[in-house]
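Below you'll find the structures, each written out as structure tokens.
Both of the next two complexes hold chain A, though its partner changes from chain B to chain C.
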Partner chain A sequence: MSEAPTDLSTKSERSSGKRGKGGGGGGSGQSRHQGKATGRARVQFDDPSRVARAAKAQITSRSIQQSDVPFLQHLPQYEGNTSISRGSGFGTGQVHPAIQALGVKYAQGVITGGHSRCLAFVNAMEEVFGDFVMTDMNNAQQIHRESSKLLNRCVQFVVECRPLSVSMGNFVRYLKEQIAHLPLVLSLPEARKLILEAIDLFREKRLLLPVNEIADIGSKLIGRGEKIVVYAYSEVVLNLLKQARTMGTDFLVIVIDSRPLYEGRRMAKALDEAGINTDYGLLNGASYLIHSATKVILGAHSIMADGSVTSRIGTASVALLAKSLHVPILVACEAVKFSDRVQLDSIAFNELGDPLQLLPSACERSADASLSELRDKLPSNLRMINMLYDVTPAAYIQAAICEVGVIPTTSALVIYHEMSDYTTSY
Partner chain B sequence: MDTKDLEAAIKALSSHKKAWKFVEAFSHELLRGSYTDSSDVANTTAEVLKVVAVATCMAGLDNVRRSLRAVGRYLAGLAGNYKYVIGNVTRRVLKLVQETFDDPDEEFSIQENIKEALSLFLDEFNQTRDTMVTNAAVAEQIHSAEVILTFGRSATVERLLLEAAKKRTFEVVIAENSPRGDGHGLAKVLASEAKLEVTLIPDSAIFAVMPRVHKVIIGGEAVLANGSLLAPAGTLLVTTVARHYSKPVVSCAELYKLTPLFPLSTMADVKLLHPATILNEEIASEMPNVNIVNPANDLVPAEMISLLLSDNGGCSPVVVHRLVKQLYDEVDVPL
Partner chain C sequence: MADDLDKVSASLQKYLDEGMEGAQAAVQIMINSVTNFTAETIMGLEQELGNTAELIKSTTIGSSMEIRACLETFISAAGRSGFGGQPDVGLAKKCIVSAGEAVRDSIVESHQLIAKYAHNLIQDGSQILTTSCSSAVEAILASSVAKDIKVYVALGYPTRKSYEIVRNLQKLGIRSTVLPDSAVGSLVEQIDVVLVGAEAVMENGAVVNATGTFLLALAAKAVGKPLYVAVERYKFIRLYPLNQKDLRVLAPDSSELEPIEDIEPELKQSIDFFNPHVDLTPPEYIQMLLTDEGLLPPSAVSDSLIQKIYRNYVRC
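Presenting the complex of A and B:
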């Protein structure tokens, strides 16, 4: 198990390599299931002792607040207006500037979407390890310790800006195992080279290649004259639709969008630029829009162990309406977003956005602005919720399109374990 | 009644100066879109029709019926969402006029008879919403500490919640109903006036929050003869989610919304609104070829509604056709 992490290119090698690795690989596989990796235990924000511990580990000077909505108190409360977005919460030189810049972009919502967020994080970590130096080099073991400390610090900072996406969590777990399995006798430049190669491999095989693979597979599922419903914005779905257009298929895309993020506008604009016929409407018109559709293709934040799909809030209602109107639903999702977690509802784990985003913005002049004047003095018995994700039950989804092929979403866990094995073994 | 007859009837009516002034004033208000509450529309329609009936009844039953139908159709054509309400009120006045002609009090003239009958009707009719919200069967639908979800702002639902808040405390979750966003207005009223615990959510969070909800209460512009509800676009999403979580859906509608028509296609009654409310010019110009779709209504099928509340109390939507038989004459169904 001490080969360099570079020979993971083909599928045949992948499977044979896995079988051939013996005890070492099995051991690493087991330790992965024991929940030691980063991000495993989510802080429950209604548990004072856990909150205190989390506060102690903090790098930035964010205050930890509780949500004022009773049933959301276990979730991290939105604090957009705090130190991070103003850039003052950084310790001097504690965190690499690439990570600092990235954290601000996450916190301000400049980078959104599972794919883009993970890619940006991988790129930033590449920079971090490219600049990895140690002042005091006594033995090789220190390389392990120092590099995992460095990784932990970066992760801690990023988490404080915004919770990790599932794909980012998978990347962190991967990188940790790569570091843990670095050969024992190694010079610093050699270690750096191996880590950078591992990062590059992850980016190619788990992030970039899958998007193209999914586009290849998915675009063939779209026939001439079809009406495809999509919801909000998804990089992977957009890529798939563009590919189908490039192949010469003539079809209509119906973009369904929702307040307050209006990500569907970005989708509609991109589709329009790609020369695809596009309809656009809001969630309240969803039943009307889905009525004439032939397929629904959804993006995902994650596919969980029981096959349910976490995605942008509103996705579940689109899926439910499509199901009740007998329109088949596909989810386009890279395997790096698969997770071994399970979640029954959208409340047990979620992210909270700025509740004040619910107030109509300047460009929504026709909307009821009764609450805008109360902006700073909302009565305490009036609360607004702005959650980011919801969970679509597996039963609504016909299939998931991932780089491995078209699979039932309930098989995501199998792929997750397969993939984790292949990326962590040499 | 074809268009030619309608025009003739309207023309004949314009010789009744006083009655015509009433019709015109109301039609201007309708065209201007001044009404936000169906009960105002229903009451004004009844007033106007009373004036028309009193003015034209001397010329005989046929004449008064023709005038009423002409005015009803004329006003309904201007009324957008309220066309069903106006049509229904017209049908009820027609039935009443017919009954008065069939069985008049011989001591008085026919005009006095009509005046008397319609005044009695109006006294009661103006109280429709009060009758509804104070009806025991309606008021007891919300119990204490319940979590109620509603969609947007229906004047009927708003009154019902305000009335219930006088008796007990409960929580209300309001889905904002974008692009109109009228849920914000309801949230403000319920939180500041009724001191209820109010949670405002975007439409996208309906699925996520529904497990926390006990009952869904919705309003609409018309209850059709098979019990289905014509409601603002987005209501079908709410009821579909409610059905997924097996939450009871209560639809609230005064009897003047009871329409003796059957939906023949789920999409036939859906009107499309101006796209600018969901995408302003500036953003729309960035995607010139995108077709913006902004439907006005949803038709919620009767099987998705657990209970229909009206001024008549509560009933299952499947028995609506019987109420329709009681309220209207068969001959008045096509106005």
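Presenting the complex of A and C:
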């Protein structure tokens, strides 16, 4: 709970113009708390001292720089093409190869989407702990210390490739909790077994089962002849629509897509393969497309404590349009994506994509040209903003479909707290 | 099966004739049936519990949203009583019965509690607009007799149920002004609060009440007057209609109503009537729910339901 107000305070400090040192005082408490919670604090990149501290802890040689857009300077701008594994090595004490491979896939956008990213991370961590060995004495205290060190290192590496998603953060928190509550007397194989069981439990109950549950619950909300609007790509929404089709409901899906990722193409293709009637259009034509719709079903990156939804950039515009046309908006989201943070706008926390993706020729640019080289060729007063997420206020959303049922998004916090009480369940 | 249905129907009617409210009667029937169960296993007990609830729901009286919500409350209370963990059926029955009696008693006490919590919301000389007849609203108004309040009652055409509350208020010495629903727009600027009851409260905090309530809510919103809904906690139900059409699907009984029109029969034959029994007031129109658990914002309904029903389910 204490995180919510700290986030807000960081935000207000920033907007009131007090930067650098002034903001650091309020932020350090936050970083300690979040460091405990997610394994790593979110570094405010307009605070030089904290950037320096973060650089020291860095494993990879990847350069993470400050964005050149003034109001986004607190967010990291990830360099596009540097070698991630360079410097992290393959020797003993280094990052597990499964994590290295995963990190590269995150950085290059091979694995995207909240569900797939978290699932891949859980699988990789399972491998990491499956290979967990200690050379010296194996007393329980050391096992605790070493396993959390291992976890922290993996998280650090992954974060350097791409910031954690909310669901991944929740998984890290869960795993830390599990490690902290390991019995006080145990051997290494026992510890390994318990940790692997915990990981498996999380994967089954928080990632795989919910997708099916949501499909079951959500597909019943789709009636015959309905016109459903979806935006970009969402694994959960796709599953839901497929399930509705399997149940024999006849309906039309309107996929709205946008530059630069064109994730909606993937959605439209998958829907078409599932035998669902699909229309496809771009965000700039959304007002026309939503006009005749009966429901909007959106995926989410996270549902925040106040019920607002962070999702792929453009979602808020779709929601705003739908709201103004009185089309009910549903969000399909597993409870593992619920967060106890509050975010009032899309700027305080966000992820910056490669700005050069916005250039029409981005796809043709040579693979080895680095971001800074390309940037040099741009007009000096042209700055590009490629944010990945936006925030949809709770008031726009009629309901969230999660594995617990159909709930108002404002109740996400209650479920978050019910579910984060891991200690009693294990 | 049909036999059982008749029996349940008859005993419901009997309790109602004795002056019980519908929800109270339903809970009493549930309690009675638990004591008379012949099931020999706890699993069987659970099944019979569900069957009786279904029976009550399939009677004409029991099909209302209110009674459905009440039965849901009963079953969740029974579930939380821990009867599943008892060593034998006798003890399990006792658990359910005492949980059921607690529900029944809370229904009996609810109106007094609502009136107590809502006391400070009604100020001296308030002008209050209401519609239909709700015993919770009546309890609040009754406790405000000394405050020199002025009550306006929208008629709730075509049911004219509103006259019931007018009659009851008159007995308490409160003189009310009755207006047709069409006059709401003309009156609303001069009133202080809109206070209505509810048949049931949906999971998102939307209120289902006699047709005309939504119209009052719209009018109140337009002129910036608060809408309070006086409602007992047991009326919270896990349904999630997104709009009026969804509501008519969820509560099919609510769409049928005999039109009362003094017109030539030939004309009546040749026109259609749209006469829904209830309408849905979305949560954004509601200032506060006045319940026997305190004053709740509409968004607290689902929190309350989740905590009560899912406590044992959601943990990873």
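Following the convention adopted for this analysis, the second predicted complex is superposed on the first by the 358 of 426 C-alpha atoms of A that agree within 3 Å, B and C clash if a C-alpha of one lies under 4 Å from a C-alpha of the other, contacts with A are read in each partner's own complex, and residues count from 1 in each chain.
What we mean here is this: a contact is a pair of C-beta atoms (placed from the backbone, for glycine too) under 8 Å apart; a residue touches a chain by one contact, two chains touch by 3 or more.
All values reported here derive from a predicted model rather than from experimental measurement.
Superposition note: with chain A as the common reference, chain B and chain C can be accommodated side by side.
Looking at the shared chain after the overlay, A:328 reaches chain C, while chain B stays out of its contact range.
Touch criterion not met for A:56: it reaches neither chain B nor chain C. Within the superposed three-chain model, A:415 lies in touch with chain C and out of touch with chain B [touch as defined at top].
By the touch criterion defined above, A:265 lies against chain B but remains apart from chain C after alignment on the C-alpha atoms of chain A.
Applying the stated contact rule after C-alpha superposition, one finds that A:377 touches neither chain B nor chain C. If you count the residues of chain A touched by chain B and by chain C, you find the higher number for B. Touch criterion met: A:404 reaches chain C, while chain B stays clear of it. Residue contacts after overlaying the shared chain place A:224 against neither chain B nor chain C.
When the shared chain is aligned, chain C comes close enough to touch A:395, but chain B does not.
Least inter-chain distance for chain B and chain C in the combined superposition, rounded to the nearest angstrom, is 17, based on C-alpha atoms. In the three-chain superposition model, chain A touches chain B and chain C at no common residue. On chain C, the positions that touch chain A within their shared complex are 203-205, 238, 240, 242-243, 283-284, 299, 302-303, 306-307, 310-311, 313-316. The part of chain A that touches chain C in the complex is made up of residues 174, 201-202, 205-206, 295, 307, 328, 330, 335, 395, 398-399, 404-408, 410-411, 414-415, 418-419, 421-422, 424-425. Considering their complex, residues 153, 176-185, 187-188, 191-192, 195-209, 211-212, 232-234, 236-237, 240-241, 244, 266-267, 270, 276-280, 282-283, 286-295, 298 of chain B touch chain A. Across the complex, chain B is touched by residues 69, 71, 255, 258-260, 265, 268-269, 271-272, 277-289, 291, 312-314, 316-317, 320-321, 324, 345-347, 350, 358-360, 363-371, 374, 379, 381-387, 390-391 of chain A.
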